[in-house]
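Chains here go by letter, A, B and C, matching the order in which they are written, and residues are numbered from 1 within each.
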Amino acid sequence: MKLQLHGIEKSFGALKVCRDISLGVNKGEMVCLIGASGSGKSTLLRCINLLEPIDDGKILLDGVEISDPDLDPQPIRQRIGLVFQSYNLFPHMTVLDNVMLAPRLIHKTSQAELRDQAEALFVRFGLTDRIGHFPDQLSGGQQQRVAIIRALAMKPEIMLFDEVTSALDPELVGEVLDVVRQLKSEGMTMVLATHEMGFAREAADKVCFLEKGMILEEGPPEKIFAAPREARTQEFLRRVL
Amino acid sequence: MNHTSTAALAVMLAALCANAGLAQDVCATGKTITAGSLTVATGNPAYFPWVIDNDPSSGKGFEAAVAYEIATRMGFAAEKVIWTATSFDQAIQPGAKEFDLNLQQYSISAERDQTVDFSAPYYTAAPAVVVRQPVVDAGATATASSLKGLKWGAAAGTTALALIDALIGPESEVMLYDDTADVTEAMKANQIDATLVDLPTALYLAAAVLDDGVVLGQFPSDATGGLDQFGAVFADGNPLRDCVNEAISAMVSDGTLAKIETEWLEGATGVPMIQ
Amino acid sequence: MQTSAAKNSAGAAIGAAPPGKSRRQERERRLRRRSVIVATISTFVVLLLLVVLIPMAPGWEKVQKAFFNGPILIKVFPELLQAFLVDLMIFAWSAPIIALWGLAIALCRDARGPALFPLRLFAILYNDVFRGVPVILVVYLVGFGIPGLGLPRPWNSPYLWGTVALVLSYSAYVAEVYRAGIESIHESQRSAAKSLGLSHAHTMRYVILPQAIRRVIPANMNNFISLQKDVALLSFIGPVEILRQAGVQKSLLANFTPYLAASIIFLAVTIPATRFADHLIARQNKERS
């Protein structure tokens, strides 16, 4: 199994955000986390990327625990890409520099090679005409695609997407989801927190419904969406669909 | 004011008046800012030996004594002398002045005379060089060539800079400070070697302010182009000036001024002349 | 701001109207012209009153002679300009050191983790002390005090220790501005950098600081404009810069006009600099809205 979560607990002060979350993600699999805002989806992703330390439980990547607080989180984060709802591009750099910054600082490859690799990514995701622009010169959809490319430039083994289409105008959602589809077809292991139920139903291998920091129900999308077991899941789906 | 010192002063002044023949001068009448009184300004603070202990009303110190002598000769009793403290800037500001005359070692110059009026000189001060012992040990002597090589500093609001340039012409830039206290501080910090002040101040600095101060030498007073004469300052066009000048010239001719000088500014013997 | 916003919305509202001026545009144009006329007249009246009334005061002639003395102004100007070079020189080497040292203090203040607590404490104390103590005291203490410990020449130079004093004082102000800039960068930028595997140092150096420093340039410009004026404080410990030179001229000529001349020279530098800082601030506000 590529990624395993065992009994993850996380609180912010008195507020419990993740309760005993366990989850397994196979290589090449795409898992969608659904649930109301505040159900703990985003926090869970931030915990997997080690942006938030967990209070209890274990996170395993390729069977090796990465949640050990004695480990240096930096090399681990380099293996796990995270894309944010609000893109979080660096506004003072061109799109190309955004993408090249982390590889340049971390991988000791030559500048020319790094540039070739970065440009190849832009070609792959159809953004070559934008590499010299600054983020604020791009549409939201383009910025989010750049953010995905930036995460991919570190050659991560797994990608986490935190509601990456929630900040976008409806007409721009499609181009970002297309990128995710393309990644899936290329065999990337992915975990998405999403409100795009249609997309989750169509593309996910597994769907998890979270409420109050717990995974209430999980299963293949056709089962979750067509015949949810839990009353809470049914209620949630009735509201959003 | 201290009563004993007032009494002592009265006795002293009475003696002086008797000596001068008790001049009942009416010259000053109606020309002072407060009718019947004479307001005299001095420095803030006023320094030894010009005023002792920053208390001019004691009559002690050269300028304090001169002021009382002038007052007496113009017909003001000692208790009719009001003291006030001013900065140089207050002395030259336009508009009404807070004093009738101002004594704080002001050098008489033609440029200054454009803005204020000066009395006849009441003292001629030989400019003297003050250094610290380490500078002497390093080979400084009272010769023009040795002085040129020293690092000079002076108080900015004085004519010292002009005198240093004219008399010495130092090789390096002259440092300037707010007042004599800062000049001596810079000497202690070894940032400057020497300063130029009037001889009485030089003796005071060397004896009381600097632990290892030395008065290296003095310039003959005819070398200064008249920049070494102290005069009292008046508001431009003040008619009182003529009365004061009359008093000063009487004090010169009857030897009183020389006597006051001997009393307060002695001890300058043995300071070598710089050629 | 407000009028231009109103204009824009007006423009949008009449987007479909035929070419030429709408009634609303016409009215705004009239209003604008009227306010220009009112401003011109009122400025003119105020100036006229100043120029006419002040010289009617009984003491004007003396004030004019003491502060606005033409021949003296002309006479002292070249010397003061020469002395101003000393100010510019001190400023030129102080400003970059202050910018760097201030940044170092700001970074100490931002140091994270318990092991770095002493650094943080140092930065906090440093800022409290040097922002609280008058610059002039620091100039005296450092300028006379440290050389007084017995440093040999040229290491006791008032230029050296005066510069140190300015750096100590001003870097505290500059550090606070930097810190405000660093704190103004949204936490999500740190998250993004961290998620890519960047270290704290790399995140600071490549992501936070470039944005923070740019954001506080206008505020720091104001600090450096007041530094330009405070360079004159070094005159207390010896260097003969413009204000000291003006003071010397003042006491030799018994006239305050040299200070007027010095002010003119200062203004020639600080007014353009202030305008430029205001321009940067205005541009930044526009970018943000």
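Going forward, a contact is a pair of C-beta atoms (placed from the backbone, for glycine too) under 8 Å apart; a residue touches a chain by one contact, two chains touch by 3 or more.
Just so you know, these numbers come straight off a predicted model, no measurement behind them.
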Problem set entry | Components of the interchain contact network lacking subunit A | one piece
Exercise. Among the chains, which is located farthest from subunit C on the basis of C-alpha centroids?
Worked result: A
Exercise. Quick one: subunit A and subunit C, Cα centre-to-centre, how many Å?
Worked result: 46
Exercise. Where the CA atoms of subunit A average out and where those of subunit B average out, how many Å apart are those spots?
Worked result: 85
Problem set entry | Interface residues, subunit C side, partner subunit B - complex | 59, 62-63, 65-67, 144-145, 147-148, 150-153, 156-158, 235-240, 244, 247-248, 250-256
Exercise. Any idea which subunit C residues touch subunit A in the complex?
Worked result: 188-189, 191-199, 202, 206-207, 210-211, 214
Exercise. Can you list the residues on subunit A that touch subunit C in the complex?
Worked result: 46, 49, 51, 74-78, 80-82, 84, 86, 88-92, 101-102, 105-106, 147, 150-151, 154
For this session: Please give the residue numbers of subunit B that touch subunit C in the complex, ascending.
Result: 88-89, 92-95, 109, 111-112, 114-116, 153, 156-159, 161-162, 173-178, 182, 185-186, 188-192, 236
